[in-house]
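Below you'll find a set of structures to go through.
Here come two complexes built around chain A, the first alongside chain B, the second alongside chain C.
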Partner chain A sequence: MPDVKMVVCCKQVPDPEAPPTAFKIDPTVNKVTLPRDIKPVIGQYDEFALEAALRIKDKVGGKITVLSLGNNIARDVIKKTLAVGGDELILLEDESFEEGDSWSTAYALAMAIKKIGEYDLIFCGRQSSDWDAGQVGLGIAEILSIPALTLARKVEIIDGKAKVEQVISDGYQVTEIGFPSVITVTSELGNLRYAALKGIMAAAKKQPVVWKPADIGLEPSQVGIAGRRVKLAKLFQPAKDAKCEIVEGESPAEAGANLAVKLREAKII
Partner chain B sequence: MAFKGVDYYGIEELLSDEEKMFRNAARGFLEKEVEPLVVNAFHKEELLNMKELAPKMGEVGMIGATIPQEYGGGGANYTQFGLLCQELERVDGALRSFVAVQSGLVMYPIWQFGTEEQKRKWLPQMASGKIIGCFGLTEPNRGSDVGGMETVAKKNGNVWVLNGAKEWISEASTADFALVYARTDEGVKAFLIPRGTEGFTQTFTDKKGAMRVGDVGTLALNDVKVPEEDVLPGSTRVKHVFACLNQARFGISWGAIGAAMSCYETALNYTKQREQFGAPIAAYQLVQRDLVNMLIEITKAQLLSYRLGRLLDAGKAKHQQISLAKKNNVEMARMCARTARSLLGANGCSYDYPPIRHMGNIEAVYTYQGTDFIHTLILGQDITGIQAFTRKL
Partner chain C sequence: MEYPSSVNLRDPVQKYSKAFATEEDLAIAEAVHKFVDKEIMPRRLDLDGGFHRDRNLAEKTLYEIRKKLVDLGWQRAWFPKEYGGLEMDSSVTYAIFTEELSRGDPDVAELFGTAVWGLQAAMLVNNETVLKRFAPIFCGNEVCDGCFAMTEPAGGCNVEDVYCQHGRTIQTRAELKGDEWVINGQKLWPGPIIDSIIYSTACTIDPEKGDDGIVIIDVPKDTPGLSFSKPEELMGRVCTAKNGSIFYDNVRVPREYCSGAPGGQGAWVLKQMVSSRFDSAAQAVGPAQACLEIATDYLKDRYIVGKPVRDRSLIAATIGEMAMKIQAARSYYLNVAYMFDHPEIYGDSISLQQVARASACKNFATEVAEWICRQAMGLMGSYGYSTGAHVEKYLRDLPIIRIWMGGVHGAMLDVARGEYPFESW
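On to the complex of A and B.
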């Protein structure tokens, strides 16, 4: 089945490898603030999703449209999707897209996918690498009224269907899904290939298409923070309280017994 | 924590998307695939297996980056090549040496001075990392004094016969072929000699205090016969040799920044955490002065190399400007390595931290591709009009 039409949703997130201490929360406005030297990257699960699509393109041929929603999307970050083999890049980029929830994000992405029109498979990461909600992929499927499979570790195209290995708690199960459908991808699929210089030079010549809310038939009030259905009540850093107590005893055996008693009292064992 | 680089003067804003993308791709690849191999190997003086690594590096476009794509290269600009060198040397100087030799000293002369047939034969295979070349210029008796080389080639019908020896040659024992310079009646010529050619031996030099993960060795030439088709027709003068050296010297100017960044970053993190006399040592003025001096010198070096890359791309760089950047930046990296090593105290003497490894490597860089003195003399001659390389006694 040649030429599978694929859409891959990729989100720009702050580098999760940055030290946790770099992330500060301002509880008065419920916002995370980041120092400027933390560079954005593409969410790692979204990278696995892109790799899933690339492997299909390698094997049976196809077209990959990468879709990214946000504001101030760094071109040198997101164009990596073209450098590794994506064919087309569409950015839903506008101030009004900022601070959406899973619903408003899925809604805007679904409207953009409708506008793209032709698609067989939509790939998403199993969750974003910043908020980890894990709902956007399924939200897109719901809004487009198409089926979805989650946690794919391998995707193959056989007889016009996708054969998917889904990770489950004690192994994996093999499922099949017809077109069009949404597949969310997990880490076991494997890392995104490295961008090679030739791919980078070719990607440099392509410009992403930028869509505003109006281009996908939406009002600014339907997207981003205005379109949220989940209201964020409180965002705060949990206070960590660590105390150290030395448990003593006449002998190591007695100290051990004393420790066991303490742990039992604290209902830890 | 992922390496972020040093960018005090917003040089990032001066870089194009494809420059940043290539730098980031190189960084990602090196951090995952190569860095873990280096530290132990350096300690034990075990060579990185370039036969295995080079094809992987070739696949992501790290070899022959500036060579046109029609010959298998990447078609990149000089700044991209420079940023690549920075990332390579940030991990280890031997990696940058490998890429600079393969790309700048072997592929570049074949591309500039070779026949169409030679280019098609060698360049794509070298770019893919399937074939490794080395560059034989330095001799036991002639180092800085390139013009005085003793290796000779005599023409015998359609075949050249070479005799001599080359020493301190990067990749000498690994290389699938060597580009060797020899004196002839027609000037200094470049010969391509495949491994296994009769009379041609390649050996490895051990017990090095620098570039310990990199292969360096000796090439011996004993009546080695080279057919005319393996001679680069366009390379007949010492100035053609210098054209290649300029490529590698530019790469070194960026590589030195990478080594210095690694040292600075290590020292900054360490001094903020290490406490003595009741406070982090970074709280003391003397330590801050050392850190600030490193930052200042790295920033100046970045601006030099950035500008030099743009001049090279515009075809306007003078070789003396390349000398200035090589000399300045290597001296800078040498200072940073030494400073970082001392800020780490005794831990600075351990291979668990990178400064002492960079400190060893940078000594080789200070000497090869024109010693610090030689670049001083190049600049001295340029500004005074008086050469001070030779003197009659």
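On to the complex of A and C.
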């Protein structure tokens, strides 16, 4: 089937490879604060999703629309999606999109996809690389009333359907899904390709389309923090309290026996 | 979650001035930066053959890295579109590409430069005969080498000192016999020898004619009479650089393989010199930046009396000085590359002033780059001296940049010529 119309949702996140100590939590306002030298990147799972779409485009042809939601989205970061082979970039970019939850994000993305109109496959990462909720992809499917498959490690188009290998706990299963549908992609699919020079040159000449809430038929009160359905009650760094007890004995064998008793008492063994 | 604007000067998007670099240049910098981090940094010691100095490992590693870059379009980037190239022509872009790639390994960057050099003269005059035959090879999917042969055993800098010597010291002779050029002579130090697709050779038809005698003739590999020495054993780039001697013994090539009539080709040599000098500066800044990053990271986790070493003010001041010199060298070569690209504002790209600027930025960048590498080694102590810290390879790979293209002193004379008429050594 030629020319599959695909939408790939990509989120800008703080670089997950930054050292954990770089991330600070301010529990008074329930926010994560970042040092100024942590650069945003495209979420890694979203990169896998984009790679899945690119492989389909390579094989059977198609159009890839990349969709991202946020505020102050770094152009040099998000335009990488065009450099690797995305055809169009739409940004849902506005202050009011900030601090949304999985619901308000999925809702805004679904409304944007409705506005895009024609779509066969919607690709998302299995979860974001910052909050790791893993709900947006399925949320989009629910709101658009279309089926979804999760944890794809391979996606092929055969006879007008997507043949998907889904990762399961002890291997993978092969599933077929018709169009339109949502597929969430996992790391086993493989890394996003490098941008070829020709793609970089072409991407530099393209500009993203920017949509505000009104452009997708939403009020600011329906998106971002105002549209949240989950209330963040408390954000904090768990205090780790490690106690070390030396289990002794007259001989190594006795120390071992004493250890076993203690473990039994603690119901560990 | 908030995304504050980054101030990390390692970020390729932050470190190049937008006064010179376009959005496309910054995207290229970012792409090459990431490629280097993932594909070169983990393997860069293998480019020296690894612990056992295994040449097969070095060649395999070099080929695999270059093949990936070829597949991404970098080898064809600077060739004309009609032959499959992407026709990039910005010196700023090329210099930024060079710095980023050189941060991983300067010789990997160098080999992309020499590939273009092999056909530079043909491209300058649109020599269709040569380009039709050879440009598509460089624009294909295979890794290709090209070579520009200039220096000679008798006084290398003399040949490169076009302004002063006017080609009168070139001893490689070309003679037009019928429809063929017949070449006899020897070149010393060009590279890569042996495997290049083409050897663009600076010759003279008559040394007495000076500039009017200089001709650049493209000699395909496998041409009868063309032979090579073994590659020289070098201090750095020990497995990747293949520089040596090329011997021309009644080498015959078609008349059309000379790009243009004698008379203007000294200017082309000079143009090569100017662009390669500021590119050399970019090639030196890459390793300097790498050494700064290596030392700064190492000193974060290295403690002296309960405090990270880099948090000691003496050390911080040294790191600051290293960074300052890198920023100055980078700004310098970007500035010169931009001027080279805008002769309508800054004058002919081979004017005395442009030669002086390019020479000054090469000498400055190469000098500070070596200083920065030595500082990194000093700050890191014995670990900095060990192979595993990477700094020693950068330090071995750098000096040749300072030496090539007319050498340190030759380049400095060209700097002086930008200030007053200085005619002879």
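Definition applied: the second predicted complex is superposed on the first by the 269 of 269 C-alpha atoms of A that agree within 3 Å, B and C clash if a C-alpha of one lies under 4 Å from a C-alpha of the other, contacts with A are read in each partner's own complex, and residues count from 1 in each chain.
The rule is simple: a residue touches a chain if its C-beta (ideal position, glycine included) is under 8 Å from a C-beta of that chain, and two chains touch if they have at least 3 such contacts.
Everything numeric here is computed off the predicted structure, so don't read it as measured data.
When both complexes are overlaid on chain A, chain B and chain C end up clashing with each other.
Once the two complexes are overlaid on the shared chain, A:31 sits against chain C while remaining clear of chain B.
Of the two partner chains, chain C is the only one that A:72 touches; chain B does not reach it.
When the shared chain is aligned, chain B comes close enough to touch A:18, but chain C does not. Within the superposed three-chain arrangement, the count of touched residues of chain A is higher for C, of the candidates chain B and chain C. In the superposed pair of complexes, A:39 makes contact with chain B and with chain C alike.
Counting contacts as defined above, chain A residues 37, 39, 76, 79-80, 83, 194-198, 200-201, 203-204 meet chain B in one complex and chain C in the other.
Against chain C, the residues of chain A that register as touching in their complex are 12, 14, 31-40, 72, 74, 76, 79-80, 83, 99, 130, 194-198, 200-201, 203-204. Those residues of chain C that touch chain A in the complex are listed here as 1-8, 11, 13, 22-24, 26-28, 30-31, 34-35, 68, 71-74, 77, 86, 88. The touching residues of chain B, counted against chain A in their complex, run 1-2, 4, 7, 16-18, 20-22, 24-25, 28-29, 59-62, 65, 69, 74-76, 80.
Those residues of chain A whose C-beta lies close enough to touch chain B in the complex are 15, 17-19, 37, 39, 75-76, 79-80, 83, 194-198, 200-201, 203-204.
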